[in-house]
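Okay, handing you the structure first.
Note that the chains take the letters A, B, C, D and E in the order they are written out, and that residue 1 is the start of every chain.
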Amino acid sequence: MRDYNSELSKKTGMPPGTLIHVGDKRVEEPKLTLVEYNGDNLEVHVSQDIDIIKDLEFAEDRKIWINVDGLHQTELIESLGKLFGVHPIVLEDILNTNQRPKTESYEDYIYVTIRTLFYERLENTVNSDQISIILGNNFILSFQEMETDLFKKIRQRMERPAGIIRKRGVDYLTYSLIDSIVDNYYLLLEDIGEEIERLEDELINEPSPATLQNIHELKREMIILRRSLWPLRETIASLQRDESGLIKESTDIYLRDLYDHSIQVIETVETYREMLSGMLDLYLSTVSNRMNEVMKVLTIIATIFIPLTFIAGIYGMNFEYMPELKWEWGYPAVMIFMATMAVIMLYYFKKKTWL
Amino acid sequence: MRDYNSELSKKTGMPPGTLIHVGDKRVEEPKLTLVEYNGDNLEVHVSQDIDIIKDLEFAEDRKIWINVDGLHQTELIESLGKLFGVHPIVLEDILNTNQRPKTESYEDYIYVTIRTLFYERLENTVNSDQISIILGNNFILSFQEMETDLFKKIRQRMERPAGIIRKRGVDYLTYSLIDSIVDNYYLLLEDIGEEIERLEDELINEPSPATLQNIHELKREMIILRRSLWPLRETIASLQRDESGLIKESTDIYLRDLYDHSIQVIETVETYREMLSGMLDLYLSTVSNRMNEVMKVLTIIATIFIPLTFIAGIYGMNFEYMPELKWEWGYPAVMIFMATMAVIMLYYFKKKTWL
Amino acid sequence: MRDYNSELSKKTGMPPGTLIHVGDKRVEEPKLTLVEYNGDNLEVHVSQDIDIIKDLEFAEDRKIWINVDGLHQTELIESLGKLFGVHPIVLEDILNTNQRPKTESYEDYIYVTIRTLFYERLENTVNSDQISIILGNNFILSFQEMETDLFKKIRQRMERPAGIIRKRGVDYLTYSLIDSIVDNYYLLLEDIGEEIERLEDELINEPSPATLQNIHELKREMIILRRSLWPLRETIASLQRDESGLIKESTDIYLRDLYDHSIQVIETVETYREMLSGMLDLYLSTVSNRMNEVMKVLTIIATIFIPLTFIAGIYGMNFEYMPELKWEWGYPAVMIFMATMAVIMLYYFKKKTWL
Amino acid sequence: MRDYNSELSKKTGMPPGTLIHVGDKRVEEPKLTLVEYNGDNLEVHVSQDIDIIKDLEFAEDRKIWINVDGLHQTELIESLGKLFGVHPIVLEDILNTNQRPKTESYEDYIYVTIRTLFYERLENTVNSDQISIILGNNFILSFQEMETDLFKKIRQRMERPAGIIRKRGVDYLTYSLIDSIVDNYYLLLEDIGEEIERLEDELINEPSPATLQNIHELKREMIILRRSLWPLRETIASLQRDESGLIKESTDIYLRDLYDHSIQVIETVETYREMLSGMLDLYLSTVSNRMNEVMKVLTIIATIFIPLTFIAGIYGMNFEYMPELKWEWGYPAVMIFMATMAVIMLYYFKKKTWL
Amino acid sequence: MRDYNSELSKKTGMPPGTLIHVGDKRVEEPKLTLVEYNGDNLEVHVSQDIDIIKDLEFAEDRKIWINVDGLHQTELIESLGKLFGVHPIVLEDILNTNQRPKTESYEDYIYVTIRTLFYERLENTVNSDQISIILGNNFILSFQEMETDLFKKIRQRMERPAGIIRKRGVDYLTYSLIDSIVDNYYLLLEDIGEEIERLEDELINEPSPATLQNIHELKREMIILRRSLWPLRETIASLQRDESGLIKESTDIYLRDLYDHSIQVIETVETYREMLSGMLDLYLSTVSNRMNEVMKVLTIIATIFIPLTFIAGIYGMNFEYMPELKWEWGYPAVMIFMATMAVIMLYYFKKKTWL
C-alpha cells in the first residue's frame, strides 16, 4: 500500500495536459514493440526508438499493435500521441499511473485503463501497475511501466496462423489483453485465499499476536484491492455499451464473459474481506476465552490457599495464652480442618464448572 | 469453502472458448440420458456414447431432453455443442464449474446456470455443484458433474401420462428443473436453521470455545452461501423478462412463483447471518460476564483474607518487647477484631451487590 | 422464531399447484362466513360447508365477502378456487402460510397476502399468521388459519347501515381489512417499545445476565420482524399502482394513507433494532466498567497489604542473630514504618483517581 | 423518546377519517389567529371561536392565513376542514401528531406536515411537535399543539409594509413558515454539537460511567432524530416538483435553498451519529487501557513480594534442625538475597516496559 | 472540527436574502483583484474599493475575472451582486461560509461553491474554507475569506501569453480554479496518508493511549472530511451536464478529468476511514493481548508461590506437638517437597503454553 498516492502532488498547480510521469522508472530504456498483422502475415519489430513507427504505412488490410514498456521518457509518449491524434489529457492519464480503471470514448479512439495486480505473500501486500490501452480504428497502443509475461503470451498466441486472434479485429485483441489481465486476478485471489486458509488454521490451532497482525494486514490489503477492482466492472460495461463502431458486435459475447469475470473477482474480494473481519472478531473472542481460563486458575489457587495460609498464620502467632497450641491433637485437628476447607472449595468450583 | 476458487488458474492465459473441465471428476464415465416425449409418448435412452444422439430425428411434435452427468470428457461436451449449435464460450462456462448463477440469451437458445447446495452438518460446511441448462426451441440440454436425485424425480413425474409436465413445452420443463433445485434449498436452510437453534441453546446453557468455533464456521458458510444465492434472483428475473419467444406466456406465472422463492431463500440466509452475528456478540458478552464473576470471587477472598493474614503476621513477629503477646486476653481480642473486620468487608461487598 | 421455515420441505419435489397445507391446524373445523351486502342490505351466513356458496347468485348490485378460518381442509379451498376461477398456484400460496407479503395481479382478480403479528411478552417472541385476500370484480375471498378479532370488528362496522364501508365497493373493503391488520402493528410496536424502555431502565439500574439475554432475544425478533414488514411497503405500493380497474380511484387516497403507515412501521422497527444494538454495546461497556471497579479494589488491597505482610514475615523469621528483635522500640518502629507505607500507597491511589 | 408511539393505538380499529386527537393537550383553549393581508393592508384577528372565520369573505386581492394553536377540540378542526373543503383523511393526519414529514397534493390544496424539534440538554432528549400546513389557492391553514415563537416572528415580519412576505403569495408564506422551522434545527444541532464536544473533552480528560451513559443517550436521540429529518428532504423536494400551480415559479429558488438546508441538517445528524459511535468505541478502548494499567500495578507488586514473603516464611518455620538460623550472617545474607531478587524483578518489568 | 456549524444560528428568523457574513474575518480589509484579459492582453488591477469596477466597460472581446478576498464587508458584496445581476439568495450563500459544495444554474450565470481544505498535522484536524465562483457570459466572480496561493498561481499562468488559459473562455478559467483546489486535495490526502502510516507503525511497535487518541481523532476528521468531499462529485457532474451554453463543449473533456479526480479523492477518504477503523480494532485486540500476558505472569507467580508459602506457614505454627519439627531431615524434606511442587507447576504451565 505504501506510496499509493505519494506522487500525485508532483502535478499540483500545473495546467492540464502537462506530461509528467507519476510513477516508477522500472526499466532503463523504454521498449517499443510494433506488431503488424492480419490473417496471413505477422511482423514484429522491437526498438527503443520511435523512428520505426514514423515510417509506418497505414493500410486497410493490416492491423497494428504498438506496445510501450517504460513510461519515463515523456517525449516518446508525446510523439506517439501526436502521431495517432491522442488528446494530451489522455496522455497525461497514461503517465499518471494512479488512475482509477475506466473507459473513455473519444471521437476516433477508446481509452481504457486497468491495473495489473501482484501479491507479495511474504509481506502480505498487493502491488499494482497501470496498463493503458488506446483502441483506434485499425490500431492499438498499449502502455505500461514494465514488460509483463501477460502480453508476451498474447504475442505467442498471435504467432500461430490459425489463431482466432489474428483473424479478428483490434477490438478482439483489446479484449484479449484485458482478459489476460483479469485471468491473472484469479491467480492472485487463489494465493490470497490460500493465505486466508492458512491463517484460519493458525487462528484455531495456535493463535499468536503475529496471526492477528497478519489478518489485519491482509484485511487492509483487501480494502485497497477493492479500489482497483470495483471500477473494473464499470470499465468493461462501458466497453460493452460503446457505440462508436470501434467494437464489433461479434466481440460483445466475449465482453459479456469478461463482465461475468469482473463480478466474480469483486465478489471474491468482498467475501475475503468479510471472512477476515470474522477472523478478527474470532481472535478477540479467543483471547477473552484464554484470559478467562488464566483467571480461573489464579482464582482457584488463590481462593483455596489464601484462607488456609491465614489459618496457619493464626497458629504462627506468638501469644502466650493460646490454649490450642498446648493441645495434643491441636496440630492434626487444624490439618484436618484445612483439608476439609480445601475439599469444600474444590466442590464449589466443580459446581461452578470452573474445573 | 475449501477449493472454491482453486482451479480457475488452470485456464489462465488460454484463448476464450478453450474447453477444459474446471471442477471435480465425480463419476467414472459420463452418462447421457435422452428423453424424447410429448403428450402421448415418452422414450428414455441411457448411454455413455454420443451415438444415440447423432441419429436423433427432430420432429415438430416431439420434445427432447438430454441430460449429461459427468463433465470430464470435454470432447463429448464439444460434440454435443456442435450438434445443437452452442457457442464455444457457453460450453466453456458449462465446464468451468465455478460460474456465478446467470441467464444468458443467445439467438437460438437460452443458457441458464445455477448451483445445487449440500450442507454437511458434521463439518459445518456447505458444498455446491453447478447445473447448466440450455433451453432451445424444442430441446433442453442439462449438464452436471454427478447424477442427483432431483432430476430423477422430475423424470418419474414425466412418466405419468396425465402430468402437466408432459403436455407443456420444454420451457415448463426448464422451470421444473430449476424449481426442484430451489425447493431443495429449503431443506438446506431448514437443516442450517436447526443447527442455529441448537447452537443458540448451547450458547445459553453451556457455552464453550467449541460453540464459538461452530458459530464462526456457520457464519463463514453464510458468507459463501450468499454468493451462490444473491445472483439467483437476477437469474430467474432474466428468464421472466426473456423476449426470445422460447419461454411461453403460460410459463410466466410459474416463474413469478419461482422468483418469490428465490427472494425468500435470500432473506432467510440474510436473517441467519444476522442471527449468527448476534450470537457471536452474545458469546463475547457472556465471556465478559463470566470473567467478571471469577474476578469477584477472587477479589472477595483476597480482600478479606489478605489483611487478616497481615494481622496474624504482626503477632507472628519475634520482637522481644511486644506487650500484646503477654496479655491474657490478647489472643481472643485479636480473633474478635479479625472477625469484625471480616464482617465489615462482607457487608461492604453486599452493599456493592457483589454477593 | 421457532419453526418459521420448518415445514416448507413438505412440498419439495412436488409439481407446482399441488395443494398441501404448510402451517398449523388451529381450528377443528374450517368456518366459512359469507357476507352479502350493498348500501341497503347486509346478510351474514356462517357454515362449515361449501354448499351455502354453491347456490350463490351473483348480482350486479350486491357485493360478496367470503372469509375462511382454517386452512387444513384443502378440498374446501380447492372447490372455492374453482368456483371463483382462482389459479392453482395462487391456492398453493394461500395454503403455504410462509409467504412473503406481496400483491399479484391476475386477469380477473388481485391476490394480496400479508401477515398478522402477535408479541408474546413473556417469551420475548413475535409470532405471525398469514392472511390471504383475493379481490375480484364484485367479491372478496379472505383466508386465515384462525378467526381473529380484527375481521370481527370490520363485520360489526358493516352492520351499521350508515357506514361508508357498506356503500363503497369491495376494493374499499380490501383496504379496510389490510388497514385493520396494519393498525394492529402499532399495538405490537407499542408493547415492544415498552419492553425496550423497561430493559433500558434495567440496564442502567441493575444489569444482570438476564438483561443481556432479553435484549439479545428482542433484537433477534426485530431481525425476524423486518422480514415480514419490509415487503409490506411494496405490497401496498403495488395495490396503489394497480391498473386492472378493480381498485377505484376514490380508494387511492386511503391506500396512500396506508402506505404512510407501512413506512412508519418499518422505520419504528429499524429504530428499535438500532436502539437494541446500542443497548448491547452499552451492556458490554458496563460489564467492562464494573470489572475495572472490581480490579481496582483487589489491586488496592493487595498492593497495600502484600508488602506489609512481607515485612511482618521478615520479623517472624527465627534467625538467632536479628538485632532489631532485641531493640526495645523495634516493635513500635516497625508498626510506624508500616503505617507510613500504607499512607503513601493510599496517596498514590488517590493521585491515580482509583479512590 | 418516551411516548413517541404511545398513543397511536387509540385509533386501532376505527374507520379512516375518524377524528381523534392523538397527542398532548398543551393549551387550555385552542386559539385561532386570522391574518388577512395583501401588499397594502394587514388585519389580525385572534379568537377562540370559529365564528370569526364563518363571516370571512374571500376576495381575489386578499390572502388569508389561519393559524390554530391547540388540537384537542376536534369539532373545531372539523368545522374548519369543511369550510375549506379539506378531506377527512387529511384532518385525521393533522390530529395524529406522529406523522412522518410529508407533502401530499390534493386537487385544491397541498398538505405539508413537518416537525419542530426541541433539545432538553439536562435530560439529553429531543422532543418534537407536529406542524401541519394546508396551502390553498389564496389561503393557508396551519395547525400545531401549542403556540411557538417561530410563527410569531413571521407575523412580526408581515407587519412591516415593505416586507417581501406581504407582497408575495401564500406559497411564499408557506415557504417562510417551513424555513423558520428548519432554521430552528440549526440551533438544535448547535446545542447538540456543543454537548458532543463537552462529552469528547470529558471522555479524554476524566471519563466516568456517567460519560458513557450520556454518550449512549445522545446516540439514541440521534437515531430518533433521523426519523424526523430524513423525510424532510423528500417533503421539500415534493414541494419543488409540485405541478398544481399553487406554488409559483418565483418561489422555486427559495425552495431550492430550503432543500440545501434540509440536506445539511441530515448530514450533520449523520456526522454526529458517527462521531458518537466513535466515542463509544473510544470509551471501551479507554476502559481496557485503564484495566491494563491496574493489572500491571497488581502484577508488579504481587510478583515482587509474593516470592519474598515465601522466603521469609521459610525462615519462619520452627524446625529444630535449620542450620541457616544459627549462622551469624544468616539474616543479612537473606536480606541481601531478597533485595537482589527484587532488583532483578524490577529490571524484568522495565524491559517489558511495564514501568 | 470545532465551530463547524457554530454560527449559522446568527441567521435564524431572518428573511431569505438577508446578507450577513457567517464565518471568520480573516483579513483587515477586503481586497478586489480585477483581471481583464484576452489572447493578446492582460491587465491586473488591485483595490480595496469597488470604484475600479464601476467604470468597467464590457466588451465582446475581453474577459473579466474579479476576485474578492475577505467577506466581512457585506455592502461590497451587495454592490458587486447588483452590478452583475446576482440574486440575493446567491449572495447569501456566498456569505454563509458553511455551504455544502454545489452547482446552481441561474438564467444568466452559474453559481459553484466548493471548499479548500487544510490539514493541521500537529492537532490532527482538517480546516476548510468556502470558495464561491459565479460564472457569467464573459466574466467570473470569485469569493473567499482570505487570499490563497492557489489562485495566485493561476494568475501567474495567465501572465504567460502562450498559455491556453488566456485563449480559452471564462468557462476554462472556472475549470482551472476548481482544478487547482482539487489538486490541492491530493496534497492533503498525502499528508494524512503519511500520518496514517506513522500511526500504523507506532501501533505495531509501541502502542500507547496517545496512539489510540490520535487514530480516533484522525477517524473523526475523516467523517467530517467526507461531508465536504462527497458533494464534490455531484458539483462537478452538474457542471458537466450544464445546458445553459455558458460552458463550451471544448471544456467538457477537462471537466471529465476533474470528475475522475473527485471520485479518486472520495475513494481515498473512504479507504483511509476503513483503514483507521481497522487500526482501532487492532488496538483493542492488542490491549487484550497484552492484558493476557500480564495476567499470565501474575498467575504463574501466584500459583507457584502461594501454595509454597502456605506450606511454610504450616511449619511456622507454634503447636507443641508437631513431630515433623523434631525430625532431623524435616527441613530438607520440606524444601525438596516444595521444589518438586514448583517443578510440577512449571511443567503444567509449559504444557498450557503459558511459558
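One rule holds for everything that comes next: contacts are C-beta pairs under 8 Å (C-beta built on N, C-alpha and C of every residue); 3 or more make two chains touch, one makes a residue touch a chain.
Values in this document were obtained by computation on a predicted structure and should not be read as measured data.
Path length between subunit A and subunit D in the touching-chain graph (shortest route): 2. Mostly differing positions are employed by subunit D and subunit E in their mutual contact, as under half of the interface residue numbers are shared between these two copies.
The two copies, subunit A and subunit E, are related by a rotation of 70°, based on C-alpha atoms and rounded to the nearest 5.
Between subunit B and subunit E, the centres computed from C-alpha atoms are 42 Å apart.
Note: centroid distance subunit A to subunit B, computed from Cα atoms, is 26 Å. Chain contacts: subunit E has residues 284, 288, 291, 295, 298, 302, 306, 309, 313, 316-318, 322 touching two or more partner chains. Under the stated contact rule, the graph of chain-to-chain touches is a ring, a single cycle where every chain has exactly two partners. The chains touch one another to form a ring, and the order obtained by going from subunit D toward subunit E and onward is D, E, A, B, C. Looking at the complex, you find that subunit E touches subunit D at residues 2, 4-6, 8-9, 11-13, 15-17, 87, 89, 92-93, 98-100, 102, 104, 206, 209, 212-213, 216, 219-220, 223-224, 227, 280, 283-284, 287-288, 290-291, 294-295, 297-298, 301-302, 305-306, 308-309, 312-313, 315-318, 322, 324-331, 334-335. Interface residues of subunit A facing subunit B in the complex, by the touch rule stated above, are 150, 153, 157, 163-165, 176, 179-180, 183-184, 186-187, 189-190, 193, 197, 204, 253-254, 256-257, 260, 263-264, 267-268, 271, 274-275, 278, 281-282, 284-286, 288-289, 291-292, 295-296, 298-299, 302-303, 306-307, 309-310, 313-314, 316-322, 353-354.
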